[in-house]
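What follows is a pair of complexes built around subunit A, which joins subunit B in one and subunit C in the other.
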Partner chain A sequence: MTVIDWFALRTSLKRAAPALALYTILLILYFAVPGKSQLIAQILFYAVLGQAFNIFMGMTGYVDFGYVAFLAAGAYGFSIAILLLSGVGGGWMFIPLGLLIAAIIAASLAGLVGAIALRLRGAYFAIATIGVNEGLRYLVEGLNILGGSIGLYIVKDMKELVGREGYQLAATTLADMLMFLLAGVAVLTTSLILSTRMGFALQAIREDEDAARALGINVTKYKIAAFMISGVLGGALGALNWALKGGVVEPAQVFLILYTVEAIVIVMLGGAGTLLGPIFGALIYIGLNFTSNVYIAPVLESAGIKATGLHLIILAPILLAVIIAAPQGLVGAIRSRAPSRLREIVV
Partner chain B sequence: MGELLRVESVSKRFGGVVALDKVSFSVDEGELIAIIGPNGSGKTTLFNVINGILKPDEGRVYFLGRDITGLPPYARVRLGIARTFQVPRPWPGLSVLENIAIGALFGSGGRGLGVAEALSQARNIIRVVGLEGKAEVLAGQLTAPEKKLLELARAIAMKPRLLLLDEIVAGMSPKDADRVVDTVRKVRDEYGITVVSMVEHVMRVVARFAERVIVMHQGRILLEGSPHEVLRHPKVVEVYLGVAP
Partner chain C sequence: MGESRNQLLLAGAALLLAIIIIGAAFFILGDRGEEGATATETGAREGAEAGETPAEEVETLVIGAPLSLSGKYAKEGEMSLMGALAVVNWINDQGGIKVGGKTYKLEFIFYDDESNPDRVVSLVEKLIAEDNVNFLLAPYSSGLTAKAAPIAEKYGAIMLSHGGASDKIFTQGYEFIVQILTPASRYFVSVLDMVKAIDPEAKTVAIVYKESEFARTVAEGAKSYAESLGFEVVYFKSYPADAQDLTPVLQPLKDINPDVLIGGGHFADGQLLARQLYELGIKPKLIGLLVAPAIPDFYDNLGEAAEGIVYPSQWEPKVKYSPDNVPEGYEWYGPTVEEFIQYFKEVARERGKGDIMPSYHAADAGAAILFLAKAIEKAGSLDPEKVREAMNDLALYTFYGKLKIDPETGLQVGHDMVVGQWQNGKKVIVWPREASEADPLYPLPGYSG
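Right, the complex of A and B next:
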């Protein structure tokens, strides 16, 4: 597009506002509620995971079971930047450079996988993407590259770059603030896509891909573009969460398929293709997790019952009920029942 | 009026089945053509070859004198070929307005078109096809004739020079069928869009709708002519009803 579409920009800001407001509330709670900042950070991680995953799954209807591979790509990319700078210096440059390399690697992976796997539909696409994730993991472990199965430990290198105190800040508050920033970027990206021709194209693909193709939409181009955007955001999330915040990038952790499943659950609970869906999905998921681990499990354990993973037993029927009663998720259900004026707001 | 579309000895096989066997015909600008023929005569395959969903095994397709045989569907749409589906396929989870706006955004006039402009064009077209008051309704909730009109609206929004209609009136009541046929004629007259429609059985509609009729049978063009000549032709009667004993 040669000219800026001001109408689309205005619409996208209007659409992004409620989600941005919710993240602002989370940000205030992060500082205001003593001792709960890490619970908020956990909600934030899952909300951003859902938000990034949603750009592709929510808008196109394709389920990428290997999505966590992008998080891994980002985590390794960030670590590579640190290892490159280590001994050379560069101080705080490691964060922008790390995020840049994370984004480049995630985008390349998405472009490569997308160009091949996006020719497949439905379950075939899902299976192919699981293969990508597991394949990459065994590549790293089997060839013993990038630390092999042990992984990369980069705490020492980060301390060398910005000092002990600098690192303390980077791995805690700064990492969380960058995560909030990423949440904002993810929301604005989603709303911008939704409000421009790309969003119309992607929704048409989700609703009926053959019709979209026959009616002039270059479906492959838009699918790959959405896949890459979603992958880059996932890459940045992986970089912030494991490399910067955790200081360790282990294959067993960063390629863990559970994260993909959690992303699906969060998006399904909240509402695929909506802006607020992933936030509500994450709130419910972590809220349930927290309640069962902190309040219910100890009671059961004192009675002699071991209750590891209790939240999953509680979550499963809830998820089933949502899928049956409100297949569009909570936000989706509210939206489809709302009058059209309200529908504009609840997206 | 110049030649708009030319199909030159196009053949298409599916395994051992010959769906199209050296089919040739041409369409002039501004025509209203009906392609008729019983089920399995190759009409849908012909449409899919023209709009690029299928590649022919042999033969070429020309649009405005340009060889488009190798172009993907979206490129043909940009040149000005739009289609509707036999079973209407609007995007069910999107509103009527959004469905039509997508047509405007990705049709032949869609390059550089802003979203606001596409939406306002869509509002105009909603009036042309008579779907006033349905703009915000989700397409999946429309009645069958309304879906047909939406498909037509979406196709008009694409600003085509050639509109391919797959079974415009199949399964409709006579009243709904007339409404759709009248809208199609209006579209041709107002927008100057050439229309090629296929019709399987509703001969009353063919007579009312078309200026020229092409009859297909077993992958070939059996004959063509005015509705009056064709519909009474013994060969056509034979194709539909079989030979008298």
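Right, the complex of A and C next:
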């Protein structure tokens, strides 16, 4: 292997371009549409969640039902950095340090869990990962570590570090900008993996793990590597969205399995193993949700029709239709049927 | 070939639908943005005109909230909504509120947050930036309130917490977040006060609680308050959230034999705790449990084992707070308890809920509206800074009892929990004296000393 594979780098940049363009549009909307920045930020959160989750599930075909544990690990890691600095000072250092600790904890967790659970396949792997997630939650609550069941509240400490104004900025615009940055990193990482040997190895594993092994591919190595990359991105997302932006890390939320399910839905909807898939998935999922809760439900309600949860009723048939008619998701379906010109763009 | 064509069509249709939905969303949102801008302009213009002609003009004051109408807090969220609407209707029927020579009617806007912390932020922003809401009620529960706090502060909007009993949010240095219900740390204050008042002999307290955010805050708060009253806390243990058998935690109590036992968590575990205490023959002078005894099923399921058990509650429909027993230093405001129940029932009927009684969640939210409305009147302005300052000096007595906040943190310090007790198969309020309908049954029947 050469030190830098220029060809792979060029291919991956080309691949990443459409997704990066979509994120840029979201970024412009974030500033251009008044009063909707947080809706965009929410779409962004789910897009990055899908993106990070997709690196592992989309490429290997393994479903990690305990994925949210990485977000939790990141959120706790970030909070630990703040608590370490609290009283010592260090100002804005808390953000890089927090992200560093978040990444280290998430990577260690992924390495540890991966080394054990990735020996399992299919449903066994899925169940083992649920166990890890629930186990960690009970560890935090039962041993009463890291704030136990109450969780960690870090707003006050952040205010002490960078002042009230500084915190306002950090918890709102800055947190969202860092999340955009993370989205870019996730896209580039994915496209880089897809364009290198690792991507081919992972696809081989997804299609037939035994055949891949027989071909001399070190399946365990690639699976654990993908698992760790996916975990670190998830950790950074948890750190940014829950610790920095939310200011509270409580076990009841950060270990909630709902987020894993949402990640699966978004990836399935948009297209597993694609770069644009999670973005479309998140747009549809949150767009539907927000439209239904904010615009449709109140109108129906004033007409005397109770419409809470309407989006779920709409989402279910869409998801079914997608799974039956386009098992590779919307983006996957377009790619496999589009004329070859378009096929190059839709990745 | 035909099949794949069909599949293509289906996928295309799904995609088209998605695009339409998203397109519609952004179309509407673009529209709304403009509307919002013009609304502010007219508002400003009217404000300028009002300076010249302070005539009777009725304007609208909009209060907004993200509420949990689906998801795990759906019941509590619906109750909060109906409680808030009941008080809004009452205020409007009285002619609204007077602010600096103008009369305002209240309007309440809400969106479903699905009990999901990640939904709250975008809804709060929508309410403030697009719907031009003047003031906010927090979402239900401490977790959701904590998520809403940074964004509310960013926009400088006052937010009243009616369903978040956590103390933690109020130690984070937020300026505009104000609590209405008694914080978790003070849940057992009334129960311990009651014991202190009726039995100076009682010395020892045991605390057994569920390992959860809420119950642990309650237990730790109860411990420090008990110690400040001179009690000795002889036992302090938690049990796992999903425990099926509490014997290992309860067994030691047979030897310790405390005078008072308090704790619990939620419904299922609280009921289990009461049953196993009974089965093990542990009979302190008083058993006080969270949440579970307040629910009628508690007695139906436990029978005799429930007799005499007390519970702290934010509010009960049978409380005797009234304009006739206003404590010194407080002023009466708002509907009487009967009026509140009547307005609540009307709202419930309109919303197709049938003939139901308000729960304390409804009262919490109703009280929040009252506290806000009075503060706005006192401030004589809609400016959040002025309203927040007016709240500092407010000492209200309402259908919900006393309301008063700590100026520094916004934590509720005035409101007392009422103490309820199962007596002969009926829930009765036994404390505080001004709210009570019967004397406490003390010590517990079967207490052997």
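To be clear about the criterion, the second predicted complex is superposed on the first by the 334 of 347 C-alpha atoms of A that agree within 3 Å, B and C clash if a C-alpha of one lies under 4 Å from a C-alpha of the other, contacts with A are read in each partner's own complex, and residues count from 1 in each chain.
Just so we're on the same page, contacts are C-beta pairs under 8 Å (C-beta built on N, C-alpha and C of every residue); 3 or more make two chains touch, one makes a residue touch a chain.
The shown structure was predicted, so the numbers you read here are calculated from the model rather than taken from an experiment.
Novice: Check the residue A:210 against both partner chains and state whether it touches subunit B (first), subunit C (second), both, or neither.
Specialist: first
Novice: Just checking: does A:148 make contact with subunit B only, subunit C only, both, or neither of them? Give me first, second, both or neither.
Specialist: Second partner only, subunit C.
Novice: Applying the document's definition of touch, where does A:294 land relative to subunit B and subunit C: first, second, both, or neither?
Specialist: In the superposition, A:294 touches subunit C alone.
Novice: Per the contact definition in the header, classify A:24: touching subunit B only (first), subunit C only (second), both, or neither.
Specialist: neither
Novice: Could you let me know whether more residues of subunit A are touched by subunit B or by subunit C?
Specialist: Looking at subunit A, the partner in contact with more of its residues is C.
Novice: Can you pull the subunit A residues that subunit B and subunit C both touch?
Specialist: The answer is that subunit A has no such residue.
Novice: For subunit C, which residues count as touching subunit A in their complex?
Specialist: Within the complex, subunit C contacts subunit A at residues 6-8, 10-11, 13-15, 17-18, 21-22, 24-26, 28-30, 32-33, 36-37, 69-70, 74, 111-114, 116-119, 121-126, 128-130, 143, 146-147, 149-151, 153-154, 168-169, 171-174, 211-213, 216-217, 240-241, 352.
Novice: If you look only at subunit B, which of its residues touch subunit A in the complex?
Specialist: 51, 53, 72-74, 77-78, 82-83, 85, 89-95, 98, 101-103, 105-108, 110, 112-116, 136, 138, 154, 158
Novice: Using the touch rule from the top, collect the residues of subunit A that touch subunit B in their complex.
Specialist: That would be residues 1-3, 5, 7-8, 11, 195-197, 200-201, 203-204, 206-208, 210-218, 336, 340 of subunit A.
Novice: In the complex formed with subunit C, which residues of subunit A make contact?
Specialist: 33-39, 41-42, 45, 138, 141-142, 148-151, 153, 155-156, 159, 164, 168, 171-172, 241, 245-248, 250, 252-253, 258, 280, 283-284, 287-291, 293-295, 297-298, 304, 306, 308-309, 318, 321-322, 324-326, 330, 333-334, 337
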